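Just so it is clear, A, B, C and D label the chains in written order, and each chain counts residues from 1 on its own.
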């Protein structure tokens, strides 16, 4: 679906498609968080990452996070979240979150909350692959 | 210049080119603020906006803002700001700010600060055009 | 007619990431006695795969996080969810 | 040799947005006596265009905001900056 707000995909992801989804006549501000694969994790060189998801539940949980955000920050109008899965190279985008609001003040805290919740509760897993091994990683 | 960080332009602007500029092996998080022309201002219907700039100084002041941000939030790695000028229609993007950092916590406050400073000190002006008149608008 | 304790509930169990690797499969059918709870299924899994017990897994039923006291129904989709790492 | 008070400094004055509309021009050359300050130029402008005085304008010299006590040099680029409205 062209206008689906909560998406797990194995395709390359970008910020502007989500921004475009959220821009309406009354949305004066759109903020995005773009999470990028880093080449270094706790001092070890990362060769690539493998992301795995429970996609149907992941998309439902993303929608739940959007509802949490709008409940806490009523000025936030729209939320869109896309997470990529499969093999990701260093420098590629793993997640994009976009929020829109008519005015600025709410969106920064709301964006911070949204990415924290994505990392806490969305059923997506990340395996770091190094030259000499690999490991499933979690911030929990 | 393809990699210029602080730009005033009359061309359409998007978020992803700025994100791409800032993504490096050690930038785990990139956040963007996208300011969009609203169709309504204090209850009046906006037909379009006219942005005017002092471009050489505007780009210098944007760079100054980036230095302020990095001084206050040392985790912030890179800053890029692009502002469009000329006639902008409702729904078009007027400004994009992007910040990168290795880790998340700093970037949200830093992004908030950056857009506030852009609105406060960058020599760019905005004329709202309504059906029955027009006016230079400032948040100051 | 089935008596309590007989096999009467079959659920689909999905396992992900580290739990999938430990179990050797991403999806199985699990047969449980009538009125079995999620806790019963968890205990069965941990008995079969002791390493799962070290993972701090959560469980979801029909794509929502639920309490271990949840009674499982025939046809439920149960997911074994190790600590997530999205973002 | 020029005596103090004679015209010896010529600066480029740029005006933007509302100030440009009031002055009727976006760029002029302004002649000032030696050792004239930005305040002197401002007062000259406000006398010529009283509506500018109602705008809460700031001034920049050579693309930086500076104090009204700044002494202007020949060839300086001075900008009249009404309240900005970017973003």
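For this structure, a couple of remarks:
Here, a contact is a pair of C-beta atoms (placed from the backbone, for glycine too) under 8 Å apart; a residue touches a chain by one contact, two chains touch by 3 or more.
Treat the numbers as computed from the prediction; the structure is a model and nothing was measured.
Steps from chain A to chain C, taking the shortest chain of touch contacts, total 1.
With centres defined as mean CA coordinates, chain D is found 49 Å away from chain A. For the pair chain B and chain D, the distance between mean C-alpha positions equals 27 Å.
If each chain is reduced to the centroid of its CA atoms, chain C and chain D end up 76 Å from each other.
In chain B, 35, 115 are the positions where the chain touches two or more neighbouring chains simultaneously.
Chains that are in contact with each other form these pairs: A-B, A-C, B-D. For chain B in complex with chain D, the touching residues are 35, 51-54, 56-58, 60, 83, 94-95, 115, 118-127, 136-140. Of all the residues in chain B, the ones that touch chain A in their complex are 14-16, 19, 23-40, 90-91, 93, 102, 104, 108-109, 111-112, 115-116. Within the complex, the chain C residues that touch chain A are 14, 16-18, 20, 56, 60, 63-65, 79, 81-87.
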